[in-house]
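Order of writing sets the labels: A, B and C. Residues in every chain begin at 1.
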Amino acid sequence: MESILLHEDRLFPADEATRSVAKALYKEIRDLPIISPHGHTDPRWFAQNNNFTNATELFITPDHYVFRMLYSQGIKLTDIGVPRWDGGETEQDPRKIWKLLADNYHLFAATPSRLWLDTVFHDVFGLREMLCSDNATHYYDHITAQLQGDDFKPRALMDRFNIEVIATTEGALDALPHHAAIKDTPWAKRVITTFRPDDVVDASREDIVSNIEKLGELTGEDTATWQGYLNAIRARRAVFREHGATATDHGHPTANTADLSEAECIALFDKVRSGNSNPEEQELFRAQMLTELAGMSVEDGMVMQIHPGSFRNHNSQLFTQFGRDKGHDIPMQTDFVKALRPLLGKYGNEPNLDIILFTLDETTYSRELAPLAGHYPCLKLGPSWWFHDSPEGMLRFRHQVTETAGFFNTVGFNDDTRAFLSIPARHDVARRIDCRFLAQLVVEHRISETEAASIARKLTYDFAKQAYKLG
Amino acid sequence: MESILLHEDRLFPADEATRSVAKALYKEIRDLPIISPHGHTDPRWFAQNNNFTNATELFITPDHYVFRMLYSQGIKLTDIGVPRWDGGETEQDPRKIWKLLADNYHLFAATPSRLWLDTVFHDVFGLREMLCSDNATHYYDHITAQLQGDDFKPRALMDRFNIEVIATTEGALDALPHHAAIKDTPWAKRVITTFRPDDVVDASREDIVSNIEKLGELTGEDTATWQGYLNAIRARRAVFREHGATATDHGHPTANTADLSEAECIALFDKVRSGNSNPEEQELFRAQMLTELAGMSVEDGMVMQIHPGSFRNHNSQLFTQFGRDKGHDIPMQTDFVKALRPLLGKYGNEPNLDIILFTLDETTYSRELAPLAGHYPCLKLGPSWWFHDSPEGMLRFRHQVTETAGFFNTVGFNDDTRAFLSIPARHDVARRIDCRFLAQLVVEHRISETEAASIARKLTYDFAKQAYKLG
Amino acid sequence: MESILLHEDRLFPADEATRSVAKALYKEIRDLPIISPHGHTDPRWFAQNNNFTNATELFITPDHYVFRMLYSQGIKLTDIGVPRWDGGETEQDPRKIWKLLADNYHLFAATPSRLWLDTVFHDVFGLREMLCSDNATHYYDHITAQLQGDDFKPRALMDRFNIEVIATTEGALDALPHHAAIKDTPWAKRVITTFRPDDVVDASREDIVSNIEKLGELTGEDTATWQGYLNAIRARRAVFREHGATATDHGHPTANTADLSEAECIALFDKVRSGNSNPEEQELFRAQMLTELAGMSVEDGMVMQIHPGSFRNHNSQLFTQFGRDKGHDIPMQTDFVKALRPLLGKYGNEPNLDIILFTLDETTYSRELAPLAGHYPCLKLGPSWWFHDSPEGMLRFRHQVTETAGFFNTVGFNDDTRAFLSIPARHDVARRIDCRFLAQLVVEHRISETEAASIARKLTYDFAKQAYKLG
C-alpha cells in the first residue's frame, strides 16, 4: 500500500517524459554520501554521542522555521516553549507543545518545513500518516521512544544518514572543546569546525570591546594594536584549521568591502576598540575586515563564505524577551557590484583565493552574482539560502544563475541547519530539484542525458568537496 | 459548437494530469459566492439602481487599463473620449469610440484586460465571436440594448454575479450619502464602505489644509490641534463603521512608518497645517500617521490595508489635461523591512491588530513580505495587485510567497476594480489560477488532493471573510 | 541517424500538445529573413569582403562570453590569446587556444554560448559531434579550411544567412569609411550604421575634451559653445543618416535624464569642456544630453535606443592589462521611473518620438518598463539584453512584460553581437522561444492559433522593421 505521507516521485514534474528522465538521474545519485560543508549542528552531539531527549526538543523549540509560522498565526512563543532570554515563564510540557504543532500542521502546507518534517517522520521514524490532532500523542510517544535507542545516537545517525563530513560553525573565541575531544579519533575527519569571526569583527556588537580583549588573551597577541589584532585572528584561524576547518564564514548585514590605507585602518580600529564607534564606522570596519580576511585566505587557503543581507532581530519586543534567532531575521535588498569591488580590486585575480557568495535577495542572481561568478576566478555561488532553500527557491536559483555562470561556478548544496535529523531530507530535496532541472534541459535537447548524469553527480557530491577543499 | 471566444479550460496548464486535477478543484469552488472586500465601484449604482447607459461608458472611458494601452500605441485620449480636466474638447460619439477599441482589440492579446473583457462579453452578454472591426457595431448595439433591461440593473447584477458582499472606498470627508440611503435595508450588509483617509493624511495634497478644516467641521473636533485632529479621524472611523466599514485603506507613495514623540508630532502637524511643509516633512507625516492609524485599529478593530509603491501621475502633461487615474501611475521600488519597523516595533505583536500588505514591487514577495508575514501575527499579504493582477502575476505571487508564508497568511482575492461587470471575470481568473497552482502541488506530491480542495475553498471564500471580518 | 549535436526540437517544451503547437508556429517563421537592427559587427567585413582567418580568431579571442567563462575557472586570459592593452605577451598559437576551449567545453553546459556555438558548428560548418578534447584538432582544421572558401566570405554569408539588413554601431567621431565604400552600391541598404555618440557625450571619459574638439573640426561647428556643440551633433546625425542610420544608441551607466535651463546647460557644458567636471556633473551632463538627443530625434526622426545599467570594467587589474569589453562589465540595479521623467515630461507625448528601452535589471520588466511602455506612446521595449539573451531570459521577458505592455509595445529581436557567424543561431533561439511562449498561450486558451501565428510573424520580422523604420 502506498504511503500517504511521502510519495517516491515527489518534486518531480508532472510531464511524463521529463519525470522519467528526472527519476533516472535521481536513481544514480540518491545514495551518494552527504557532504555538509556549512551548518549549525552542535558539535557536542558528535563528541559526547548522547541520545536526544524528546520530539518537542528535537523538532519544535530549536527550529525557528517551525515556531515562527505558529507565531505568525497568533500562537504565543511562550505556549510553544521557546526559551526566554529575560527569565520569564514559558511552557514546559513537551506533550502540550507537540499537540500545538499537530493541531496547526495544516499551516505548513506547501512549505519546505512540511517537506522536511514529513520526510523525517517517514524515513527516520517509520511513520506513515500525516501528523494531525488525532495522532499527535502517538507521534510524540513513538518518536520519543525511538530516540532512546542506540541506533538514534548522533554517531549512529551520522552513519545511517551516510554523512561523510559535516561542518559546524564556531565563533573566533570558541575554545572548540568538542572538536578537541575528537581531535585524534577517526571522527575528526567527519566533524569539522568553521571559523566565523563575527564576534570579533562586528563592531556593532555590545561585547565587541571585551571580545577583542579576550581575543588577545586567547592568542597572546596584543590586540590593542591593529597588527596585533590581525595576527590574533591569523592565530585563531590556524587553531581552527587544526580542528578541521577548511572554511571561514561571515554574516554581515551587507556585502560592503573596503580597501583603506594602514593609517586609516589603525584610526578606525582604535575607534572601534574605544567602544564609541558610530554605525557608519562599524559598517566601514566590517567592510575593511572582509578585505583583510580575504587577504588571510590568500595566505592560508581557507575558503571564505560571505552571507550578507539579513536584518537581524527585526521585532524589537520579541528580541528583548527571547533573544536572537527567533524567526524574525528579515532579508533586505543587497548590492554586490559596488560592495565587493574594493576587495575584488585588491584580491579578485589571486589564484589562491576562493570566495563563496550567498544572498537573501534573489534579484541579485541574474543581475549581479552570476555575472560576477562568471568572470572572477575567485568567486563561486553558494546554493539558494535560508528562506529560498525551498523547491521553488532552488529552481529559481538554477534558472537564473546557470545561463550566465554555468554549473561549474556553483558549489553544490548546503543544508545550513541546526536540525540534525532533517539533513538527509534537505539534501534529498536539493537532489530531486537538481535532477528535475537537469531533466528539463535534457528533454528540451539542451544537454544530453549522459552530460546530465555527470553534472548531477557533481552537484550532489564533487563540487561541495572541491569547493570546500574537503577531499 | 464550441465557442471561439472563451474556452472552458482556459488558464489551466497543458499537462493532462495537472489539468485534470485543476479542473476537479475548480469545479468545487467555481460557484462559491463572491466576496469583494476591496474595490472602487460607485456606491450610487447600488443605492439608486439605475441602468448603465452604453457599452462605451461602461467599458472604455472609465477603464484606465483599456485606454492606456490604446494611448501607448499613439491613439489620442481625446479620440477615446476620456473626460478632460481642463475643459477641452473630447470625442462624444460613443459608437466612434467603441469602433476604436474594436479596431485595436489585437493590442490586448495575452493581457488580463482581454481576458476580462472576453469573459464579460461571453458570460454577461452572450456574445460568441471575438470583438473586431467587422462586428463592432453589432457588439455596441447588442450590449447597449441589453443594458437597458431590468436584469441589467446593478442590484440584479449583484444577484446574478452571486456577490455576497462588496466594499467600496470613500475618503474621510465623504458624506457617504449612498451608503446612508441603504443603511437600514438588507443591502446595507451587501454594500459596505472602506475608510480611506489619504485626503486628510497626505500632506502633499494641495487641499490638505482645507481638508483638515473640513474634517473639523464634519466632526465638531478642533482639528487645529494634534489631538483634536486624531479624535476627528477616530470619529470618522466610527461613522464609516456605522456604514458597514470593517477596513481602512492607505495609498501612500512608500511604506514608511514613524514613531515620533508627541512633541515632535505636534510640531510636525503644525507645519502641515500651515501649508508650508516640505516633501520630507510630508513623507514623515504620512509615516507617523500610518503608525497612529495602526493604533486606532488596535482600538476599534478595523482592518488596515497598506497599498504603497505607486508613482502617481507620472506624465505631467497628461495630468494637466486629464487629471488623476489616467493610466500613468507607475510602480516604484518599495522597501518594507526598514519602512514598517517603527510601526511594528510599537504595535507588531498586538493580538487585536490586522494589517494587510500589498505591493507593486514583486521583488519584495520572497525577500520581504513573505518573511514578514511569516513572522508577525498582525501581518497578512493581500493578493497580487494592479499591474500584477494577471494570470502570470498571480502565479508569481503564489510561487514566491507560499514557501515562506504558507497559505494561511494570505487573504484571498481582491478585484480592486471600478469595472463592475468585470468582477466575476476577475474572480474567475483568480480561482482558476489558484486551482492551477494547487494542482501542481498535488501532482508533484507535495499536498494531497483533499488538502488542495480544502485550501481552494479557503482561498476563494473563507480567507477573505475572515481577514476582512465580514460576518 | 540523428545528430547528437543539435536536435530539431531543441528549446521546445516537453509537453506534447504545447510542443506540437510551438513546432507548427515555428515552421511558418523559421525561414523569414533576418532583421538585425542593433549589433556590433565590423563594417569592414562587408565593405572589403575578405575571408575570416581561423577558428580561434573567429570564435574565441573576440567573444567575451566565451573567454570570461574560461577565465572564471582559472584559465589566464593570456593563455586564451586575448589581446593586451599594455603590450604584454599573450598566446599566439591559435591551435593551442582552440584546444583550451575544447578541453573546457563542458563549462558551457546550459549556457546560451553553448547553444550558439553548437548551432554554428552544426549549421554553418556541418559538424556533427560535440566539441571535445579528442576532436579539437579536427574541428580547428575543418573550420579553418572552410573559412578560406568564397562561400564563407562575409557577403556570401549575409546571403546564406538570409540577413536582409544589418546595423553596425559607430561613434560620433567615426569617419564611416566602410559604410562610405558601399554607399552607392546595393549593399548600402543591407549594411547600415547606428549613431552612438557616447564618445562626445560621456563626460567621464578621459578623452572627452579632445573628442569635443574633434567634433568641431569634423563638422565645422564651434564646439566651444553649447549651441555649436549641439549643432555639431545634429550635423553628425545627418551624416550618419546618409550612411543608412535610422537609429541612435546610448550606453549610459544609468537611465537618468534632466531638463535644465539653457543657462544651466551652458554652465555645465563649460565645466565639462574644461576637463574638470566631477562625477556628479558628468552624470548630470549625460542626463541632460539624453533629453537633448530625444529633442533631436523629434526633429530628425531617428529612433533612440537607451541601454543603461552596466558597471563597465569592474575588474580594475584586468582593465589595466586588457582594456574594455573583456567580460567584466557587471549589471547594476537600474531605475527608470524617476530617471526618465524629465525627458518624458518634455517629449513623452510627441508623436514623432520613438525610444526603445533596454535593461540589465530584470526586476524592472514588470515593475517599471512594461507600465511605462504600456502608457507612453514614444516608448517601446527592446528584447532581453546581454546576460539575459538566453532561453530563460527571453521567457522571463515575455512572461513579465506581455501582461502589461502586450506584444505591440515590443520591437522583436536584437542579436547585439560582434560574432557574425552566430547571428542566425541567435535569431533562431529567439524565434523558438517566442513560438514556445505563444504556444503556451494557445494551449491554455488565451489566444487562438491563428492569432499566435500572426504575432509570431510580427515578433520575428515586422516589429523590427517598423520599430527601426527599416523599410
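Here is the rule we go by: a contact is a pair of C-beta atoms (placed from the backbone, for glycine too) under 8 Å apart; a residue touches a chain by one contact, two chains touch by 3 or more.
Bear in mind that the values here come from a model prediction, so they are computed numbers and not experimental data.
Undergrad: Classify the inter-chain contact topology: is it line, ring, star, complete, or other?
TA: Shape = complete; every chain linked to every other.
Undergrad: Given that chain A and chain C are copies and touch, would you call their interface same or different according to whether over half of its residue numbers are shared?
TA: different
Undergrad: With centres defined as the mean C-alpha position, give me the chain A-chain C separation in Å.
TA: Those two chain centres are 40 Å apart.
Undergrad: Out of chain B, which residues touch more than one other chain, so two or more?
TA: 15, 363, in rising order.
Undergrad: Quick one: which bits of chain C touch chain B in the complex? Just the residue numbers, please.
TA: Residues 15, 17-18, 335, 337-338, 341, 344-345, 348-349, 351, 363, 366-368, 370-377, 379, 399-400, 402-409, 440-441, 443-448, 451, 455 of chain C touch chain B in their complex.
Undergrad: Considering the complex alone, what residue numbers of chain C touch chain A?
TA: The touching residues are 4, 6-7, 9-15, 68-69, 71-74, 106-112, 114-115, 311, 314-318, 327-333, 360-363, 387-388, 390-393.
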